[in-house]
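Labels run A, B and C following the written order; every chain starts at residue 1.
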Amino acid sequence: MQLKNIDRGGAILAVAVMAVLPLVFDSRYLMGVLTVAAIYGIWSVSWDFMSGLTGRENFGHSLFIGVGAYAAGFLNTLWGANAWWSLPAGMAAAVVFALIMGIPTLRLKGPYFALAMLSGAVIMQRLMLIFWEYTGGEEGINGIEPLIRSPLYFYWFVLGVLAFTVALLGGLARSRWGLILKAIRGDEATCQAAGLNVTYYKIASLVISAAFAGMGGALYAHYQLQVSPQLFAVVTSITIITMVYVGGMGSIYGAVGGALLLTLMTEMLRNFGEWRLMVYSVALILILFFLPRGLVAPTWNKMRQRWAGVKS
Amino acid sequence: MLEILIFGAVTSAIYAMLAVGFTLIFGVARILNLAHGSFYALGAYGAYVLTTIFKVPLLVAAPLVVIGVALFGMVVERVLIRPMRTSQLAVLMISLAVALVVEQALFLVFGSEYRNVPSFSDQKYVIGGVDVAGQRLLTLLVAVVSIGCLYLFIQKTRLGSAILAISQDPEAAQYMGIPSDRIFGVVMALSAGLAALAGIMAGPFLSVQPSMHLLPIVKAFAIVVVGGLGSIPGSIVAALMLGYAETLVAYGISTSWTEIVSVAATLLMLVLRPAGFFGKRAAF
Amino acid sequence: MSLLSVRNLNKRFGGLHAVKDVSLELRQGDILGILGPNGAGKTTLYNLLTGFIEPDSGEVLLDGQSLLGLPAHKVVGLGVARTFQLCRPFVGLTVLENVMVGSLGPRVPALDLEQRAYKLLDQVGLTGKAQSLSELLSYGDQRRLEIARALATEPRVLLLDEPFAGLGSGEIAALSTLIRDLHREQGLTIMLIEHKLREFMQLVSHVVAIDFGQVIGTGAPQEIVKNPKVIEAYIGKQEVDHAA
């Protein structure tokens, strides 16, 4: 069996299983958890596309998420727009911020770019609190309408968006785009010497990454039915990065696995209540030490090669 | 006006203590240690625990806490950071993870309410018509003395020269037989101890709660970028600039804007002058 | 006819006048050699020609068109390709992928990337290593990869920066043959910086000698070695092979 067909089969199977799971267990609760996991999946995949491929880790991804969510919130409550406008609005808002932040900071070296983006998210969080009269401050914006009233259909919609995101970004990653982004990770100056406009590709990939993150943020807003400054928190960004690490940097599809695993894990730890974030942080340390290549992608790689009859 | 002068100085002093340690470990080991704020937090909490729970007098507790946090810093560097030194980003992530673990641990043990750290001095002084708490003045004094001592240490002792050598040229230093690894541990200890001291001194009048590490680390990073990565004099100057900028904003506009000042300063600095004012290491 | 024209090029770094009033002509189909001791400003010259740094003054013309102020990737887009002194493979990509990236520039018509890459690898003799990770290649092979990658951009001019640095004598001979073959079969115009005099003199048709950022002599290889200024710049350096 060809590797490509194995991949495709695996993807279809995964989507089918995820779609059917809440029906099988007949659990509203599980559906909620999976919905959140799927949204985290969208966020993680979008992060992986830019940072995983180019190696320029962005510590402020929560900025794009929060901006998308708040755009949805404002549009839906203050302006009374139809909820479906939130999706393009969330994307647009995130893209704007990606350009604002990205253009000046993408020329910085690794850690400084990471921290500059982090600073951007922190500023935004602070601004939401300072201008509480317009943004609702700590409590944020409430009373957002659900996008689709039926939780099941909404869940399937989100799943569809996730599948679309993975297909699109994964496809880009396997195309010339991916090659160029990986080359940028290898050596930027040499990339320029090969005739490629490195700045353009860096900014473009950040914009694409942001667009999907913003859309995910809008979806989240219509799921939680409220948005708060907590969305901009460092913890959100770090959680996503951890999910991508677990999934396997640069694999795109691995991030979905990472999101699923970590979301489920935190739900199971719900009984431990306040220990969740602690477990997360320790898990991150352990992963950085022992599984730098991640869990999901390497495992899938081994399995698919065995099925294809190829010696790895 | 005098108020701003005095309070600005106190704020700058605390920032200077944090920034100097941060820039020191960067200058020597090229480590951007995001757990630096945790040392600050542990200093404050340590003082709280020893004095309130174990009833140890503050004068005894303070040095114990400083030494304890310094050792903790050494352990963190040795066990968690050193293995990751091949990648600056990995170090960044690990140190951030440590910071989060510490924050969560503090939260689990102490809860999220604000804690009271005792002051060395409860007296209030009046300077030129302005009420100043003795503790704040003492903080200023401690900052000046501790940074001064650190500076002398680096300039005058053999260990200090080794540290300078490594920060200028790590490879050459190794060829000279200087044990860089061991010195990283020492520098981390100094850096952590200084941060803990800042926490002990500032605890009484600044908020003590589990997430208190985040803003100081953002500010320390801002200061170090503005002052020039790896430059101690640069950090001091930048700390003064930031401290006074914040105080002016707090008095002139409102206190909620103060963090924006530091974070915006960092962003601007990174974008406009990545090497800072005095630094040799550019951010790109 | 002159393909690449450099006139009165100047570049200062603070107090250091790295490139001082340098002028040279590279004729179509030539192999021009740049000769000079370490620190003479040769790599800086390349950086100026290829858009990695901007000169303080002077002119660089490619077939009459000015290259000044153009970013590096645009210069490559006009047909000037270069290699680097220290090999810089794309870490994490295979040898084949390295060359494919080179084929993504504007001068290459959109077609089967892999096929084209294989052809280029064939030309430099790296076909067997196509799937290896580029950073694991031997130094000699990495040099070939550099050249293949540069060729992938469909250049009109190829600037080679010390291609023999760090190679053993066998590898040098092989690489030298490769360069000569490329020149002969494709009529490629080449500029070559090198230290190793013997191979250098056998490859180039003209030489420009540089020291302290200035041109100290030009001419055919046989004349240059007799040029007193060149000899002076090289006293004691002729024996020292550029061991990496």
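Following the convention adopted for this analysis, a contact is a pair of C-beta atoms (placed from the backbone, for glycine too) under 8 Å apart; a residue touches a chain by one contact, two chains touch by 3 or more.
What you see is a predicted model; the values in this text were computed from it and never measured.
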More contacts between chains, A-B or A-C: A-B
Centre-most chain, if every chain is reduced to its averaged C-alpha atoms: A
Mean-CA-position distance for subunit C and subunit B (Å): 49
Interchain centroid distance [CA atoms averaged], subunit A/subunit C, Å: 43
Between subunit A and subunit B, centroid-to-centroid distance (C-alpha), Å: 33
Two or more partner chains touched - positions in subunit A: none
Touch list for subunit A against partner subunit B, complex: 55, 57, 59, 104-105, 107-112, 114-116, 119-120, 122-123, 126-127, 129-130, 234-235, 238, 241, 274-275, 277-278, 280-282, 284-285, 288-289, 292
Subunit C to subunit A touching residues, read off their complex: 50, 52, 71-74, 76-77, 81-82, 84, 88-93, 97-98, 100-102, 104-107, 113, 149-150, 152-153
Interface residues, subunit B side, partner subunit A - complex: 32, 80, 83-84, 88-90, 92-94, 96-98, 100-101, 104-105, 107-108, 214, 218, 221-222, 225, 256-257, 259-260, 263-264, 266-267, 270-271, 274, 283-284
Partner subunit C, residues of subunit A touching it in the complex: 176, 179-180, 182-183, 185-187, 189-198
